[in-house]
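In the two complexes below, subunit A is the common chain; its partner is subunit B in one and subunit C in the other.
Coming up: the complex of A and B.
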């Protein structure tokens, strides 16, 4: 699954550590999400959507 | 740009790899100097090797963590170092412990370390986020399927009289070695370094 996490994070000028802190996960997890090595659980996907104030489907895109 | 996104310069990356290789060579040379593995039973040699590798990994991780900027969160790293180091010590105590204390005291030491390691392992799992938990679960699955396959083939061969028996001590050495490789594979798939 593709996602726009890196773009959205860059738009807000947040570091990976900052985003990780907001999401309550490790920086490695943010990195894995951004590089497409890990697809988040549904609760984490909702949390990401809340943090970026965007609907899930505008952040995560099907392959 | 955001600091974590900066690529590590290839030269620095190469230098890091060389440094790790040198540390590995130094640990290997030191072990070879003080241990005559050729005079050891195979299962002892395997457990000693895995034990030294685990302790070495713990020491290298400890060094990396000590050198990290203080503002980078340590996460479960300290617990990982503790778990790795204790696992290594637990594999070495049964080999050398009886040289200094009785077998019973050696076992008591192993059980004490095992209790501490179990608490550290459970704490690490509880503190980890969902991806790190996933890596731990995938490591367990990969190690289980690999070992189940190997055990089946070995057991069938043993029953047919094609291979000799293996000690439980040898089995735990193989299990730990397979687990280490499985852990590296599962971590690499998620980009953990």
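Coming up: the complex of A and C.
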């Protein structure tokens, strides 16, 4: 699954570590999410949507 | 924009967990040696009590670490344990079968003769193979998800 995490993070000038702290996950997990090689669970996807204040479907895109 | 202050949770990292377990092992080893020397008639009972306490403490440390781990970290460990552990034990089973059929000869010249030692050797070999497979699979998972 593709996502806009990297773009959204860059727009806010957040580092991966900062986003990881906001999400309560490790930096490695943020990296895995950004590369699209790891799909988050539904609770984490909701958390991401809350942090970026955007609906889930505007962050995660189907292949 | 969500600019709420970040709530940082203190987590017991992987190395922290391994360090705590290793430290506990050293303390228990030292205590065990002291019991051996000064335990007297109740040395066996004290040793058993020490091992039970140590096991409970180790489980507590691992649970604390697991609760602090995020979902990708957990997924990596679960995947590694299943696939790496299974592959490791599969290799041992394959070698055992080939040795039994005399296809290969992996039996060392100096095998322990005592059945208890043979069992310990078997357990050690199995756990070692599982752990090796686990480490390889864990590294593979993170490399694949980078």
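Before moving on, here are some points about what is shown:
The rule we apply is simple: the second predicted complex is superposed on the first by the 63 of 63 C-alpha atoms of A that agree within 3 Å, B and C clash if a C-alpha of one lies under 4 Å from a C-alpha of the other, contacts with A are read in each partner's own complex, and residues count from 1 in each chain.
By our rule, a contact is a pair of C-beta atoms (placed from the backbone, for glycine too) under 8 Å apart; a residue touches a chain by one contact, two chains touch by 3 or more.
All of these numbers come straight from a predicted model, not from anything done at the bench.
Of the two partner chains placed by the overlay, subunit B and subunit C both lie in contact with A:35. In the superposed model, A:25 lies in contact with both subunit B and subunit C.
Look at A:50: by the touch rule set out above, it reaches subunit C but stays clear of subunit B.
Judged by the touch definition given at the top, the superposed model places A:15 against subunit B, while subunit C stays out of reach. Common to the subunit B and subunit C interfaces on subunit A are residues 24-26, 28-29, 31-33, 35, 37-38, 40-41, 44.
Those residues of subunit B that touch subunit A in the complex are listed here as 1-5, 72-73, 75-76, 128-132, 134, 189-192. The touching residues of subunit A, when paired with subunit B in their complex, are 6, 9-10, 13-17, 20, 24-29, 31-33, 35, 37-38, 40-41, 44.
By the touch rule above, subunit A contacts subunit C in their complex via residues 12, 18, 21-22, 24-26, 28-29, 31-33, 35, 37-38, 40-41, 44, 50-53.
Those residues of subunit C that touch subunit A in the complex are listed here as 1-2, 6-9, 70-73, 75, 142, 144-146.
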